[in-house]
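Shared chain: chain A. Partners: chain B in the first complex, chain C in the second.
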Partner chain A sequence: MKVLSLYQERDTIIHKVDPISKILYIIISIAIPIIMPYKTIGLVCMGVSIVLLLIAKVFKKVIPLVSFSMIILLSIIIIQGLFNDSNKTAAFRIGSIVFYKEGLLFALEICIRVINILCAFAILVLTTKPSDLIESLVRRGLSPKIGYVLSSVLQIIPQMSSTMATITDAQRSRGMETEGKLKVRIKAFVPLIGPVVMNSLINTRERAMALEVRAFNSKANKTYLNEEQNNSYNKAIKLILVILFIFVVAWRILI
Partner chain B sequence: MKKSNMWSFKLSTASIVLIPAAVGINYIGKLFAGVLKLPLWLDAIGTMLASMLGGPIVGAIVGATNNIIYGLTMDPISFIYALTSIAIGLVVGIMAYKGWIKSIGRAIVVGLVVALVSAIVSTPINIVFWGGQTGNIWGDAAFASLIANHFPVWMASFLDEILVDVPDKIATVLIAYGVFKALPKKLTILYSNDNELEQL
Partner chain C sequence: MKKIIVENLKYKYPLTDELALKGISFDVEKGEFIGIVGKNLSGKSTLCQALVGLVPHFYKGGYGGKVIVDGLEVSKSEISELSQKVGIVFQNPFTQVTSCKLTVYEEIAFGLENMGISREEMRKRIDDSLKLLDIYKFKDRNPFDLSGGQMQRMAIASIIAMRPEIIVLDEPTSQLDPKGSEEVFKAIQNLSKKGMTVIMVEHKMEKIAKYSDRVMILNDGEIVDFDIPQKIFSRGDLDKYCVSAPAFTKICKGLGIKSKATGLYPITIDEAYDLVVNYNE
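Up next is the complex of A and B:
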């Protein structure tokens, strides 16, 4: 069954690290540049994330993720470079348009922060199977019902996408226009979305009954199909990350 | 028996199953808007439907789940915008409970309120992460011209967000309202919280 995820199957040590450590890494690599507001710290965290991505051999897959935000980052650079309130010193000119240093530096800060967050998340998302992630969270205490909700969303979305393709074809073969002026396209939206929405909502009734029949609401302790993977280095990684965080906070308070 | 409180958190199996379906509807709405190249996002239809059916708490959970899943599978920045989705779910749920989705006119008012709340919640997030922009061409063009005329950043960002949110949310509410009215009673009964007994 197709599951909506970005997981890349590779055999590296990053893939073997447990998901909770990766979540801890994300929190710390986002928190450290905020706690220590030196511009280079953001670059250092970004560098560490990129090195980890290279070790996990998934670096090429980060490019589509980053290019998703690239357009808006570009527009931020342009708009801040031109119009930021504290613009005084000119950096360079293109024709009669002046780009200012303060705005460009501000935009650079935003870009570094965003790319840092994206790379840290990419480590989690590209090297962890969603089912493994949800299973670790449920083992740590997340309610199994919420675990079910998250897993089923990841399965439902590909299903609905293929239904959408079928319904689009069906409606088009019955004479519905999907290209042309704005009015024509707006008129096409309701006959496309109506059947999909109705279908999925009416199916919820069936699904609820199917779950109840399989003891979804039972309060008994659930058992797991997979054995828990407890490598020794997982504890070491978590310990290192927590110590690093405390160190950074202490540095900030004392210096 | 009177209607139980709208905040009563009875997470029945029916509500749990509604959540993935609603997130799927959000996704499909966004996809269709992209395919038909409509100038709106239309990515909150499911959240609003879930609020109309199951109340504010279910709507809020749908909103949060929606952004968590987007964050894990497409765009990590979506995680923080879960706050906006939760706000939308809460507002529509509360207004639906108070009877504000009885006619098209009232539904439009709901759309306006939702747009306002969504802009208020999103603006601080936009300012911290994107310096005030939203990623929408028209909104950002307005933002650029306001900043060039020395408007304060928060005001320019707020107007940027409102410009995009008002048409988008009103359209979303109307679509959700249309679907809600057309749903069979067999389905809406599943989620209704009132313990009323009917007697002949």
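Up next is the complex of A and C:
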């Protein structure tokens, strides 16, 4: 069964860290380079994220994510290198096009930040089961209804695409052409999408009833089957992150 | 002790002109196994949903009369409150999967989490209900990867885990093979013997005849008859309500073999066998 998620099943120390610590890590590793605007700090944060990804054995999965954003980063490098306001000293030239040092450095800073953000989010997304993440948010006061919507979407979308495949087969077996020229495909679209939408509406009503009778709207305090991963080790991580953050802020105010 | 009391229940779905239930009254004792039969659109599902509060709370619409389930008046209670007394299993197993859980085990835990059951108790109940319906071996599978029959058992298990005092089953074995549905019926009969009140809508007459204590025939939103299965299936006008008697009853009707003590036709193979043997002696 396909589930809409990038989660990679591995047995590493990073996978055992609770989702809230990872969220905290994202916030802090994004905030620190902004508070301390030095390239070295940005590089350190990026380096830490990459090391964590390597420990979690998911670094390979990050490469496509980063290379996807390369298109945007390249355009930033070109535009800043050519047209930044403070451009004075020429760095190098390709033919008659001159790249300037100031713009390139500025672009480098943006690139470091973007890759840093990507890596930090990748730690969360690649090493945390979506259901665990949502459950820990619900434990911390997110409405169970919103939690349900978030986690059911991940399973219902693949369900709907398999319904779509069934309906396509059914319509084809009755002689409808679904492949070929654009005109044929557009004509086939309505009889395909109609049943999928109707089907989902009916299913939604029945599912709503099924949830109702399983006390979804109960006012009792919710309990959880899975124990929360809130051992001292996770508490220590959070504490270290917070102390680090306070330290950085204090440093910034004092100096 | 009366578990369910229905008094002159009338109900009309929104945007319709005709009553779906036209003044139904009956009551059910604790631990009884009740079968409900009748043709399509006779109001069976509506009646089931009226017992758990989906009618009128979920659908709204016009409501009259009174339904009292285990001391709670349905029209004045909330569905979540009622769901701890009465559980319902619907026909379509696919739409009963919550779709927010990744394993069968967690899926069954869903209702218990909402009720606020402690973790140890939850594990105990889930294990019990998985074993009762013989799906313990699938506990780590994704709910959507199960076959129709397995999913149907999971739907029943997830209601049974909530330990309601009354369970309403609306064609719970539609996706099961004969062996599977026999197993499910046996499991439910066990629960019924332990004191759970069972209300079941089913088209498999042999099963209804074998397991029910009383059978209700519904037709166009009205109760035609509500009595022990022998009396129900001995009626001569079953065809009028699109109900067919079990095969054994039909054969004995054809041959005119009746029980001498009660004057009724047999409804199970064992009863039929005894009578035929006696008849030929």
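To be clear about the criterion, the second predicted complex is superposed on the first by the 196 of 255 C-alpha atoms of A that agree within 3 Å, B and C clash if a C-alpha of one lies under 4 Å from a C-alpha of the other, contacts with A are read in each partner's own complex, and residues count from 1 in each chain.
The working rule: a residue touches a chain if its C-beta (ideal position, glycine included) is under 8 Å from a C-beta of that chain, and two chains touch if they have at least 3 such contacts.
Treat the numbers as computed from the prediction; the structure is a model and nothing was measured.
S.K.: Is A:131 touching the first partner chain B, the second partner chain C, both, or neither of them?
M.R.: second
S.K.: What is the contact status of A:13 with respect to chain B (first) and chain C (second): first, second, both, or neither?
M.R.: Neither partner.
S.K.: Which holds for A:118: it touches chain B only (first), chain C only (second), both, or neither?
M.R.: In the superposed model, A:118 contacts chain B only, not chain C.
S.K.: Could you look at A:75 and tell me whether it touches chain B, chain C, both or neither (first, second, both, neither)?
M.R.: First partner only.
S.K.: Check whether chain B or chain C contacts more residues of chain A in the superposed model.
M.R.: B
S.K.: Scan A:203 for contacts with chain B and chain C and give back first, second, both or neither.
M.R.: Both chain B and chain C are touched by A:203.
S.K.: Check the residue A:212 against both partner chains and state whether it touches chain B (first), chain C (second), both, or neither.
M.R.: both
S.K.: With both complexes overlaid on chain A, does A:152 touch chain B (first), chain C (second), both or neither?
M.R.: Both: A:152 reaches chain B and chain C.
S.K.: Which holds for A:221: it touches chain B only (first), chain C only (second), both, or neither?
M.R.: second
S.K.: What part of chain A is shared between its chain B contacts and its chain C contacts?
M.R.: 148, 152, 156, 159, 203, 207-208, 211-212, 216-217
S.K.: For the complex, give me every residue of chain A touching chain B.
M.R.: On the chain A side, the touching residues are 4-6, 65, 68-69, 71-72, 75-76, 79-80, 82-85, 106-107, 110, 113-114, 117-118, 121-122, 125, 130, 133, 145, 148-150, 152-154, 156-157, 159-161, 164, 168, 178, 182, 185-186, 188-190, 192-194, 196-198, 200-205, 207-208, 211-212, 216-217.
S.K.: Could you please specify the touching residues of chain B with respect to chain A in the complex?
M.R.: Contact set of chain B toward chain A: 11, 13-14, 16-21, 23-25, 27-29, 31-33, 35-38, 42, 45, 49, 65, 68-69, 71-77, 129-131, 133, 135, 140, 143-144, 147-148, 150, 153, 175, 178-179, 182-184, 186-187, 190.
S.K.: Could you please specify the touching residues of chain C with respect to chain A in the complex?
M.R.: Residues 49, 52, 54, 58, 78-81, 83-84, 87-88, 90, 92, 94-102, 105-106, 109-119, 122-123, 142, 144-145, 158-159, 162.
S.K.: Tell me, which parts of chain A touch chain C in their complex?
M.R.: 1, 3, 129, 131, 144, 147-148, 151-152, 155-156, 159, 203, 206-227
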